[in-house]
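Presented sequentially are two complexes of chain A, the first with chain B as partner and the second with chain C.
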Partner chain A sequence: MRRSAALSILVALAAFIAIWQLVVVVSGFPPFILPAPGAVLVRWATAWSAGTLTPHLLATLQEVALGFVVGAGAALLVGYALARSALIERLLSPYLVAAQATPILALAPLIALWFGPGLAGKVLICALIVFFPVAVATMVGIRSVDAGLLELGRSLRATRRQVLTTLEVPAALPSILGGMRVGVTLAVVGAIVGEWAGAERGLGVLINLARGSLFDIPLMFATLLTIALVGIVLYLVVVLVERRLVGAR
Partner chain B sequence: MTARPGAIRVEGVTLSFPRRDGGRLPVLDGVDLAIDGGGIVALIGPNGSGKSSLLRVIAGLVAPDRGTVTVDGDEITTPDPRIGLVFQEARLLPWRSAAENITYPLELAGWPTMRRAERLDALTELVGLDPSVRANRPTELSGGQRQRVALARALALQPGVLLLDEPFSALDALSRERFDLELLGLWERAGSTIVLVTHNIAEAILVADRVVVLSRRPGRVVADLTVDLARPRSIADLDAAVVSRTARDVRRHLGEEAAA
Partner chain C sequence: MSSVRPLISLIAILSLAVAACGPGATTPGPSTGPSAGTSTAPVSEEPSQPQVALAVGLGFIKSVQFAPFYLAEQAGYYEDAGLDVTFRHGTDYDVIALVGEGELDLGLADGTSVIPAVSQGIPIKYVATIYGRFPSVVFAKASSGIAAAKDLKSRKLGIPGRFGSSWVMLQALLGSAGLTPDDLQIVAYPDFGQGAAVTQDAVDAATGFTNNEPVQLRLTGVAVNVLRIDSITPLPGNGLIAGTAAIDSKGDAITGFIAATLRAMEEIREKPEVGLDAAIKEVPELGAARDTQAAILDATIEVWSGPAQEARGLGAIEPGDWQKSIEYLKTLDLVPNPVTTDDLIDTGLLPAGE
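Our next item is the complex of A and B:
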């Protein structure tokens, strides 16, 4: 089963590269519009070996990690409060929905203006974009905890803390981790948007450099490839954590 | 002779639940019940007669509008470690193994790991759970194994009172008969007072000393019948239970309630 899954991923990847190559050949686009996959791969390898990608990748990873921790941490607390208090839900819901409805692209310049081009602004943008899916998933997960299990906890005289740690959190974990799967990929988007709004380093900055002053389109594609790989790897990390914590129930 | 622990007194218990329209739904109406320590009483009645609600009041999970429940003279207003409860569904935590489910009450009560492990061995043996399935998750257990785990969990803190809310209703007929007999064996070994809610007249008579019949909603006690079957009981007594005088009386009272 695992072998066939790996095979299907490889086949899909090969098909994607083949279609890309076909478009390059058939369209006749010059390399500065659409470089061939081989050229991108070569540029990707040279960017790694020359140390072009590493500092930008590390900067983006730092923003993503901190933003995810801050955003998901706050979302867990708020999501729990929303699930368990009708008053808090009534008070906070309009602001949460309004914040979610406002495009992060519109907020990013404002945040950059307030917090400057340093790490804090990027972390805040990542945290904002991660917050909503994790908060909603936490709220839904906690609300969906089987009332029978909560009654069992009461019959066994579980304290509020014990109910939280031994019943509510484990029961809501599949939903919470589902929100985190979405959140972690959005965190990458948040970091890139934050870097576009103003930064000295990061994969978003490298895209701007490759498109602008360097005019190195294969490098731009190589950076996009790196961003996609970061998203995939982080997503898989959450999936692994989910398998470990939730397993087969 | 000193009285055995686990004596239950239910006095004038009246219970109602709020309705969506703002009114109240009467569930129990002045229920009185006295059970000596170590006795087995079956509660039987039509659907909606408040059997399960009465069990929850005794367990301290639901506060009555009026009336009191005492165990060994102490009023029960919140869940009490002297009372164990087995629900109709096993209600096992799906992310824990069978063993972790059994020891869950001990964990909540702060027992150290070593002591929990010793108690686990005793409980596994007490309820007849196959030790080889202790590491299995609930989804990997049969219906009967799940109920054994639920029973062991309810007995973990050695309660003087064991409340059983139709615990074997999801099992097939043969398994259910076997469990009824095992429950009797367990009662002899553990010595807890048992209150069994059931819809099954034969099961009530086979297991209990007394069968208490509740009326249609709001539930009140319409009959308190002593079972005329000698102990110890075996599967051979099941036929006698079906045609016993107690069974006739229970059917008559239930029939009157259905016709009312």
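Our next item is the complex of A and C:
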């Protein structure tokens, strides 16, 4: 089963690369518009060996990690409150939806102005983008807990904490972790957007450098490839955590 | 089966994308507005020669700085030259890539971007100077005490990022005082944030454009010092670029476009209100702050002329300055492959006498 899953992943990857190469050949786009996959892979390898990617990658990972922890942490608390209090849901929901609907690309420069161009602003941007999907997933998960189980818990005189830890959280975990899968990949987007709003270092900065200063489009694509890999790895981490806590789904 | 379905969907989507990107699938830019005449010159009722289509890329946002192009279009100068011009707006690096690819025939781009772009194989050439003086500057409140490059030591300076013309300019400026970026505290701000950062004293100085942030700051009544690099390193300012393929196939049309644009620049230099009116006609929102836009236009007109343009007229290109710029950008590792001035500029498309 695992072998066939790995094989299908490799086949899909090979097909993607083949289609990319086909697009390059058929479209006739020059390398500074759409470089071939081989050129991007070579540039990726040289960027790694020259140490170009590492400092930027570390900066972005730091923003993603902190932003995810802050955003998801706040989202868990707010999501629970939304699930358990109709009043809080009525009061907060319009603002939460409005915040989600406002493009983060427009907010990011303002956040950089208010909080400065340092780490704090970028962590906030990441946290904002992570918050909504995790909060909604938490709210939905908590609400989906079987009312009969809650009734049973109350009848057995379970404390509030016991109800939370032995009934609500375990039952809501699949939904919460589903939200975190989305949130962790969005955290990468948030970090890049934050860096575009002003940063010394980061994969978003490297994109600007490659594109706007160096006109090194293969390096830009290599950076995009790195960003994609970061997103995939973080997503898989959440999947592994989910399998450990909930089991394979 | 479940692992095959996404693959089929991906292939279908990409196949559609390939079909859309095939030959003949072009996306012409929108026209900037009607080509009705202004009071400065009559408009031809009928074009007297076949119209050659030219797609021209300008800066990211429509602005009073592009007044010559708006005036030339509205006054019919392009039409009189047998041209059917459409303008598109994009960032500097997008315009360069689109001109190199042939999606645009001409574009307005920063000279310091042209050098690394050509070095990376993008087939473009700089064909006319628009900004004879380098527009990227360092500015500070006069009260900060920053009046020369040496005064930046150990101070806090805002910059969009360590890339682009402002980064190149800053290093040249600091180098003239024996400084490096490590000798001061550089703070990255979003593009439009440097002016606010200086206003709020969040930084002591910032990079900006001579016809933007310093002008806006002065209009608030604040005395401003501006540090320029023209006398230090003659970096090429913004100018018109053309793809080498367009130069071969539409050389005469490009010369006509340059001549019409320079004509409009001369008129605006003589009478700035003409340019301001053209810009407001193109972008009515600019009329809400006419005095501010007039001040920006005045500052823009000031940078049209450098030593070469004063000697030989607007649009003139100075090959010696480009050679010095190549040598300087090499020191910043922005020239990965060797280039010569002949690779970068083409003075043959300027109107006779330039």
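FYI, the second predicted complex is superposed on the first by the 247 of 249 C-alpha atoms of A that agree within 3 Å, B and C clash if a C-alpha of one lies under 4 Å from a C-alpha of the other, contacts with A are read in each partner's own complex, and residues count from 1 in each chain.
Operating definition for what follows: a contact is a pair of C-beta atoms (placed from the backbone, for glycine too) under 8 Å apart; a residue touches a chain by one contact, two chains touch by 3 or more.
All values reported here derive from a predicted model rather than from experimental measurement.
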item	value
Partner touching more residues of chain A, whether chain B or chain C	C
Touching partner for A:Leu236 - first (chain B), second (chain C), both, neither	neither
First, second, both or neither for A:Phe32, with chain B first and chain C second	second
Contacts of A:Leu22 with chain B and chain C, given as first, second, both or neither	second
First (chain B), second (chain C), both or neither touched by A:Val246	first
Touching partner for A:Ala14 - first (chain B), second (chain C), both, neither	neither
First, second, both or neither for A:Arg157, with chain B first and chain C second	first
Contacts of A:Leu149 with chain B and chain C, given as first, second, both or neither	first
Partner chain in contact with A:Pro170 - chain B first, chain C second, else both or neither	first
List of chain A residues in touch with chain C within their complex	4-5, 8-9, 11-12, 15-16, 19, 22-23, 26-33, 108-109, 112-113, 116-117, 196-200, 205, 208-209, 211-217
Residues of chain B defined as touching chain A within the complex	59, 61, 78-81, 85, 87, 89, 91, 93-95, 104-105, 107-109, 137, 139
Complex contacts: residues of chain A adjacent to chain B	146, 148-149, 151-152, 154-159, 162, 166-167, 170-171, 173, 246-249
Parts of chain C lying in touch with chain A, wherever the complex brings them together	3-4, 6-7, 10-11, 14, 17-18, 21-23, 91-93, 96-97, 100-101, 113, 116-117, 119-122, 160-164, 167, 186-193, 196-197, 202, 334, 336
